[in-house]
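Down below are the structures I want you to see.
Both of the next two complexes hold subunit A, though its partner changes from subunit B to subunit C.
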Partner chain A sequence: MIRYGWLGLIFIATLILPLVIGEYWIHVAVEILIMGLFAVSFNMIFGYMGQLSFGHAAYFGAGAYATGLLMVKTSVPLPICLAISMITAGVLALVIGYFCVRLTGIYFAILTMAFGQMLYYIIFQWYSFTGGDDGLQGIVPPDWIIQVTAYYYFTLFIVTGALIVMWVISESPFGYTMRAIRDNADRTRFIGINVRKYMLINFVVAGMFAGLAGGLLGPFNRSIAPDLCNWHQSGVPVFMTVIGGPLGFLGPVIGSVIYTFLFAFVTGFTEYWPLTIGLVIIFVVLYMPGGVLGLVKTKFKTIGAEESMDAEA
Partner chain B sequence: MAILKVKRLNKAFGGLQATNDVNYEMQTGELSGIIGPNGAGKSTFFNLLTGYYKVDSGRISFQGKDITNWSPHRISRLGIARAFQVSNIYPALTAYENIRQAILAQQKRTLNFFTPAHRLAKKETQELLEVTGLSQHADKIAGTLSQGDKKCLELAIALGSKPELLFLDEPTAGMSGEETHETMNLVKRLNQEMDLTILFTEHDMSVVFGYAKRLTVLHQGSIIAEGTPEEVRKNETAQKVYLGEEA
Partner chain C sequence: MDASLIFAQSLSGLSRGMMLFLIASGLSLIFGVMNILNFAHATFWLIGAYCCYTFWFLMQDYNFALWISIPLAALTLAALGWVIEVVLIRRVYNRDLPEQLLLTYAMVLVLGDLIKIVWGVDDKLIARPPLVADPVFIFGMPFDSYFLFVISVGLAVAIGLWWFLKKTRYGHIIRAAVFSREMVSALGIPIPRIYTGVFALGIFIAGLAGAVQAPVGSITLGMDMAVVIQAFCVVVIGGFGSLLGTFVAAIIVGEVYAFSILFWPQGALVLIFVVTAFILIIRPWGLFGTPTRA
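Here is the complex of A and B:
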């Protein structure tokens, strides 16, 4: 129960935050929220299902382009655009996932990446529809959230809602079935579960939330580019999750805070961002293999908390 | 009525005939054993019966229904469960969560996205923890349990599927003498009190006597003797290939 108290405090802090920080950092905070949602959706596949999706940007990008195209070419209201982003990403995940869940381990990672790159090249080349490598410009949010502070609260509201839904799923029988498949897929078959079908459902749900995160990005940046779908972008939630910790539900959000904040801070005075994040990853992998959350939990446990990593996850 | 019928079952791996023209039948309510030295083909036989391997030829039927080459999850849903020789559990989940998972699957609740899992199947999970003597380990991470307790958990997961037919692959492997006895008594109780048809394998002959009503001796993939434990003990072929080694 103490845990919920902490979450309440954090939520109140996020409500007050824009009142005490400057506009630049509000921009950073919006990005933390969007990327945090993207990373948590990635972790539904990585942490809970035990497979590394290295093409998760495909669903993020599909969501971004769905909302972006609708806002540039039609006058559909933003909330509906976001819903369509989720559906588009979900359908894409259903098609790609159908093939990917036949594989596990490195083959799963490679195939998800290959499909992701395929989507990237389609968007990159299809000038007449997607704008090709010029991307899409002029994705202007509606008046009521045109100020960055308002957009921050809008994003906070949607991301919090999405996180709650994903958390409920992770604690449901379906969520535990994912852990079971991660721990021992064969055993799970022998208790009567169609492992591939469940993996596919999870892949689609994760893709939908990635699509929602992508949808939020366009109106925030006022533009999108095909880079959103490529494999560099797929690496971002991987880094965030490794930094934050894959075994706790909020690990990827912590990772997003650290990664995005560091990016905003470091690129302010040096162009050696890849070197910086590389060093951070090396440090985390070598000295805190459970990520920040793993470290906090081990420290916490020595004081006497008895909950298991997974019971808390 | 025959609950399980196996006709002329064959399975080869490369040049090795792991299952050789096996005919086998079980009646509802039976408690029977398959014995044979390591490598006799016991585990392969179970893997064929539960759909883990595809058969080369032959038929398997359960309660009159042909289940040859069905996938494991479909066979499991019909009411056939198995426990593995090397304990095959969910190491990162607690013992309680391990058992609950099997029960939730049996109750067809695994597509429920919105009810917290900890509110479901409480009574059933507690019952199975008690039956298998794991109550005091309920909240321990399964991977940290002792070998003997892992085997009990393995059995509990199999029971969570509420099977009518249960395959136990060397249920006492790695257990101490006392644990072996407790486990075999539990198997006997499950058979008598819960009306469960059980087939188990064992490589240690002494464990089998007193429990199985019928024994089948497997050697190099073939059945070489069958009968009551007494008959098998007296059988010359069985003595030669198997019992002789033990004495």
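Here is the complex of A and C:
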């Protein structure tokens, strides 16, 4: 129960946060939430299914473009746009995932990346519909959340809801089936589970939530660009997950806090952000396998000790 | 469309293919032997181009500057590859795939910024020596004479690598290490040193490719980002670890690009990923690879 107490405290802290920090840091906080949702959705494939998707930005970008295009070209209300973002990204993930779940390991990573790059170049070239490399400008959120603090609460509400849904999924029999597939796909198949079907469902769910995160980004930044789908964008949730730790549900969120905060902090006084984050990643890979959450768990066994660390081996 | 245009276009596709082969062969070699997918491969390629520029810049008064700068740049990169292998790559031999990928991805970011620090943000341009300054006419069609040099370097590297791997003692050791590391090391051959050598060789070829690329156009920051993905595609289409496969796939990708730019310019860049995805779906081990690796 201590864990839930901690979560409650964190939630209350996020509620009063905008009252104590300046507007710039509220912007950072919104970004942490959006990228955290993106990273957690990525981790449904990486941490729970054991496959590295290197094209996860495709669903993020598809969601961003669905909401962005709807808001620029029509007057559909934002919540419906976000729902359409999820559906668009989910359908895209269904088509791409149908092929990707046949492969594992390096082949899975490269095939997801190839599909991601396909989408990137389509968006990049299709000027008449997507605005090409100019992107889309003037995605203004509706009046009731046009203030950044209001947008923060709106994002907090949606991201919290999405995280709860994903947590319920990951703790359900379905979630444990995913862990079984991750640890030994052959044995899981032997007990009569259609591994590909389960992987595909998981892939689609992960894609939908990535699409939701993407949808939230457009109205926040007031604009979107095709780079949202490019392969370096796919690297961001990977970084966050590895920094935070892939084996806990909230690991990617911790990674998002560290990554996004570091970004806001470092870019304040140097343009060499890639150098900084690159060195951080090298340090984490070499000396901190399991990420921050892994470190915390080995140091303080009491917190969340019931979650196994066995997949680390 | 007449035959000479088709010929010129296929020649330009061939030179593009040879360029891709030069980048992808080192990538394929490193993956085939060490099982490490080097995200930073094209970043080394770009460093090779910048090094070539620097050597050329120092000697630009002489006509032969470029011809000396290219091998010098390649050797510099081999040394850099050696150091990086010993300092970083060696530590992750026994790690999982994602951690190895992340390490090389982090190298892309770090090296990319180091390039910016060392060479600045301005584009670099190498003035070509007189030998390759003017186009040659083949069947009445103008063709960049430098591309003939690119094609011959590509062919030379292909033949050289093939000879090295199939005919020399070190080549045999490397191929044996692919099948059984334990056996090779039981015979008293130090595996880490073999790996370091292979990595340095791969980066040497990447540096050579970059140096050869340098005089084609201007050298720009971030050029590596698109190239590395195309090199991945070439390796995937050809089959991981297959030199012949990489060679054939590079030519296919180069020609597909050269002709799609003629008929459907918007789709030229998408097409390579369509081909890659198609190959991965029907034949994940590639055209010339072996299914055991899949």
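In this section, the second predicted complex is superposed on the first by the 302 of 313 C-alpha atoms of A that agree within 3 Å, B and C clash if a C-alpha of one lies under 4 Å from a C-alpha of the other, contacts with A are read in each partner's own complex, and residues count from 1 in each chain.
In the analysis below, contacts are C-beta pairs under 8 Å (C-beta built on N, C-alpha and C of every residue); 3 or more make two chains touch, one makes a residue touch a chain.
Keep in mind that this is a model prediction, so the values were computed, not measured.
Of the two partner chains placed by superposition, only subunit C is touched by A:99; subunit B is not.
In the overlay built on the shared chain, the residue A:222 is in contact with neither subunit B nor subunit C. Taking subunit B and subunit C in turn and counting the residues of subunit A each one touches, the greater count comes from C.
Using the contact criterion defined above for the overlaid structures, shared-chain residue A:174 touches subunit B, although it does not reach subunit C.
When the shared chain is aligned, subunit C comes close enough to touch A:121, but subunit B does not.
Contact with subunit C, but none with subunit B, is seen for A:274 once the two complexes are overlaid on the shared chain. In the superposition on chain A, contact is made by A:186 with subunit B only, not with subunit C. Within the complex formed with subunit A, the residues of subunit B that make contact are 50, 52, 71-74, 76-77, 81-82, 84, 88-94, 97, 100-102, 104-106, 109-118, 120, 139, 141, 157, 160-161. Chain contact summary for the complex, subunit C toward subunit A: residues 37, 88, 91-92, 95, 97-99, 101-103, 105-110, 112-114, 116-117, 225, 229, 232-233, 236, 240, 266-267, 269-270, 273-274, 276-277, 280-281, 284, 294.
Those residues of subunit A that touch subunit B in the complex are listed here as 168-169, 171-177, 179-180, 182-184, 186-195, 198, 201, 306, 308-311. Residue ranges of subunit A in contact with subunit C, taken from their complex: 46, 52, 54, 99, 102-103, 105-107, 109-111, 113-115, 117-118, 121-122, 124-126, 231-232, 235, 238-239, 242, 272, 274-275, 277-279, 281-282, 285-286, 289.
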